[in-house]
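As written, the chains take the letters A, B and C, and residue 1 is the first residue of each chain.
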Amino acid sequence: MALRYIDRQLNIADYALSGFKRRVARNVVVVFIFALVIFMVASFSLTTTSLKQAAGRLLETVPDITVQKMSAGRQVNLTEDAVDKLENIFGIRSVRPRVWGYYFDENNGANYTVIGHPKLSEKSPLPGLGIDYLPEMQLDTVAENAVIGRGVRQSLELGSRRTFSLFRPDLTLKSFITAGAFGADTSMVTDDLIIMDLQAARDLFGLAPAEITDLLVDVANPLEIDNIADKIGERLQGVRVVTRERIAKTYRVAFGWRSGFGLACLFGAMAAFAIFAWDKATGLTPAQQREVAILKVVGWQTEDVITLRFWESIIISASALGLGYLGAWMHLLFFDGVLFRPVLLGWSVLKPPVSLIPVFSIGDLLIIFSLSVLPYLAATVIPAWHSAAIRPDSVI
Amino acid sequence: MILESWSIALLTCSAVTIIFGIVGAVTALQVLRYWDIGSDSERQIRLEEQIWLAATLVEFGLVVQIISAFIFIYAADYFATVLTGAMCAAGALSANYYGLPALGFKLTTIFLGTLWIILHKLDIGSEYFPFTRLKSFGLLVLLPLLASDALLVVLYLVNLEPEIITSCCGIIFGGEVTGGYSLFDYSSSTTILSLLAVSTVLLLAGSVFQLRVKSVSRTPLVLVGWLLTAGWVVFYLLSLVVITVLVSPYVYALPHHRCPFDLLQYPYVIIGLPLYLFLHGAVISGLGAAMASMVTWLNDADGLVDQFIRRAALLNIILTLLFLLVAGWQPFIYIVLGGQ
Amino acid sequence: MEKYYNRGGSNQVHALRGIDLTIDANETICIHGPSGSGKSTLLSILGGIIGPTIGSAVVGGKKLARLPDRFLTLYRREHIGFIFQRFQLIPELSVLENVTLPLLPLGVRPAQQKKRAMELLEKLEIDHRSDFPAAEISGGELQRAAVARALINDPSIIIADEPTAHLDTRLSEDFLSIMSDLKKLGKTIVIASHDPLVSESPVVDRCLYLRDGALAAAF
């Protein structure tokens, strides 16, 4: 019984395929438009997933806890003695002071992110950021070591030069020499980044000797992060304690709602297509009506004709899904998702060239299916029945 | 969190099922009003064609509801990553009052939709279409359930707030031992298991009884049908409790990880999927046979209903035993064989 | 039996009145009558396409009263082979595909389908045209293809509605020759036709005259 059911389905599917080929011009138009809609939905979905993954990679460089001082709702500088107040909290592996800020380059309107890191002078690796250190260079003037991102190098038009200068607040120049380069795969994080020694950063921004912008705390046991964050909040007055997980959630929610918003806008396109599909399915030509009547006279049941229409819809959906998904994949792989990135990423003067890698996930496929194939199939159900309800005696 | 991709996918599924439910209900009303199988009128012929429309809508709607249920669970799993405190789908679904009831309504409509299709197949097997009016009542019952499901999903999504702390499955299903509240306030696992064992034995006995349907008269068959219906509902709920509280910790090899939903995630899906398939298959075949027994009082001139009862009862016995086998496998390995 | 269309309505049509008819197995009947006399309606009822309003047709022991369409179709599949006035083949499909159409919903596998169809096409001497689209074959070949399609399920009853209306004398005689062969195979044949070639053919055992939905005396 089950075998006969399968044979019946295969026969009807085969007939549907031959019908598809017979009316290829009409069907190709439908497939093309459908594939376009799926392409948009899939691009959105794949771009979002890819960005979430990229954000995940970014978060590997963020410490477990970041402590910042707040005053009147804005971030203000701390002093280095805050380190001592935290070091004896049980469970903290290390507390590092940091100076960071934005340097505005008037020549080209670019903002660089400057981070002063105590470890740079030791030439030890920074968490999550591989640095390829360059050989030491002898210079006539005093120059600080700095590691700069690719975007900064291009913006400063360094070419093969290793030295550059930046202005202090009092408009005096501070000289730097590039001590190394970031790994290529960190471009999303490092493109606009300059890392230098802590004291050098203080000097560049004109900060007082013991001033820092925030504290980076690493915790021994990840399960204790929230507890330790609470304790830090109790020990230091007026601080904002941000955990990595909190940042991760914020990214997920941001991408999530942006993606949902974009999809909601695409919904209009999908709805229009569903109406188009309904219209196409409802308008049977006299030849098609005759065909159904003949089928019924020679012994096809109403349910057989409905099954036929169902298979026709499946063939169109499967073709469109394949084309649309493939197109979205290529859009991401070869064109970096250029169509929808602005919606998801927002704008900045120096846009990091994020390399988006499409990720295959069942969840994404389910979403794409529900937002494209499902409405299409739903739109064709009633017209399918309608066409199957043609009376056989109409052909007599 | 209504603007998440998962949310929009869920809402799309709900919209489709509601529209289908409304169209189905409209045809149901017409059938209830005008149906006359002996008549030759245009209207009667049109109504007979509309039965196919209703059947197609229910079949398609059922597939959509099943997909929607899977989406709901995977969505909850995703939401768990943005909700504070939730570590898996169970926590995400408990983040507000609407999550678990929404899932409950979804599963109910899936069961009822499947039973409707079984009834439809039995109906069209007879020249007299004896169950058409009953089917139409069924459609009128399905619509409010679908609407409730959709409403609860919307309320769930709208009331999901990432800032509000929710609980994880260890707390929800843990009971007094872990210091939290428990959704399943049971006294001991022995009680639950005993109840399950007793109900399984009774239900299997009922199925064996139904195997001999040809030699049984109508009234006892109908009575057994009613009893089995109630019995299978109880069995289903008990099984869910047992899976959550007793079986899943052995599958995860973690005493406090009591999540019925993670069984559908890799790598546990190898056990989880057959487990749930066998459970739902057993319950649906059991309910199907029970329902068919109940409707024999309406008509079975063709013997088709009897044939179905026997087949469904046999399938039910096989699936129930398979379910018990899969459910007991991991606990058996730990308790009897001493672990992996 | 009686057949009404739109019974009780203002546009009621009494298509068949008091039809009292017996057709024996293996008999070949011709139904004769002017346009609008109810020939097509009578054939449709006998062929299980529609049901009667009052009364019933009993065919091979099976009562065709007011049955749901599903059961009429099942009956049609098993017992009836229909040949239409304009043959009603699907023009874009090949002859083979047209002939095997009735087999598809039965779950017959493609190899079996081809085997059964080619056997019939060989007997009807159009096997060499099996892969040609129906739109590209001649009138006589269309006729034979239509007969093949009607016979693919090995029905016991053949019903033909004005089968020679669009054929010349030679092709009409060809058709009658095929009917004669089918008669020898034990089929029951009902032909509705104006054509004197048919009504006066030795193949036909009995001719019935239908006028205004009622049967006149047989001749």
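The rule we apply is simple: a residue touches a chain if its C-beta (ideal position, glycine included) is under 8 Å from a C-beta of that chain, and two chains touch if they have at least 3 such contacts.
If you're wondering where the values come from, they're calculated on a predicted model, not measured in any experiment.
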Touching chain A and chain B alike: which chains?
C
Larger contact count among A-C and B-C belongs to A-C
Per-chain Cα centroid nearest the overall protein Cα centroid belongs to chain B
Chain centre separation (chain A, chain B; CA means) in Å:
36
Distance between chain centroids, defined by C-alpha means - chain A, chain C (Å):
65
Could you state the distance in Å from the CA-based centre of chain B to that of chain C?
49
Note: chain A residues in touch with at least two other chains are 302
Which positions in chain B are in touch with at least two other chains?
49
Touching two or more other chains, which residues of chain C qualify?
69-70
Okay, in this complex, where on chain B does chain C touch?
37-42, 45, 48-49, 124, 127, 129
Residue numbers of chain C touching chain B in their complex, please.
4, 6-8, 51-53, 66-71
In the complex, go through chain A and note every residue touching chain B.
44-45, 48, 249, 252-253, 256-257, 259-261, 263-264, 267, 302-303, 306, 362-363, 366-367, 369-371, 374-375, 377-378, 381-382, 384-385, 388-389
Help me check something: in the complex, which residues belonging to chain A touch chain C?
3-8, 11-12, 14-15, 18, 22, 290-291, 294-302, 304, 392-393, 395-396
Would you tell me which residues of chain C are touching chain A in their complex?
40, 43-44, 49-50, 69-70, 73-74, 76-77, 82, 84, 88-90, 92-93, 97, 101-110, 149, 153, 161
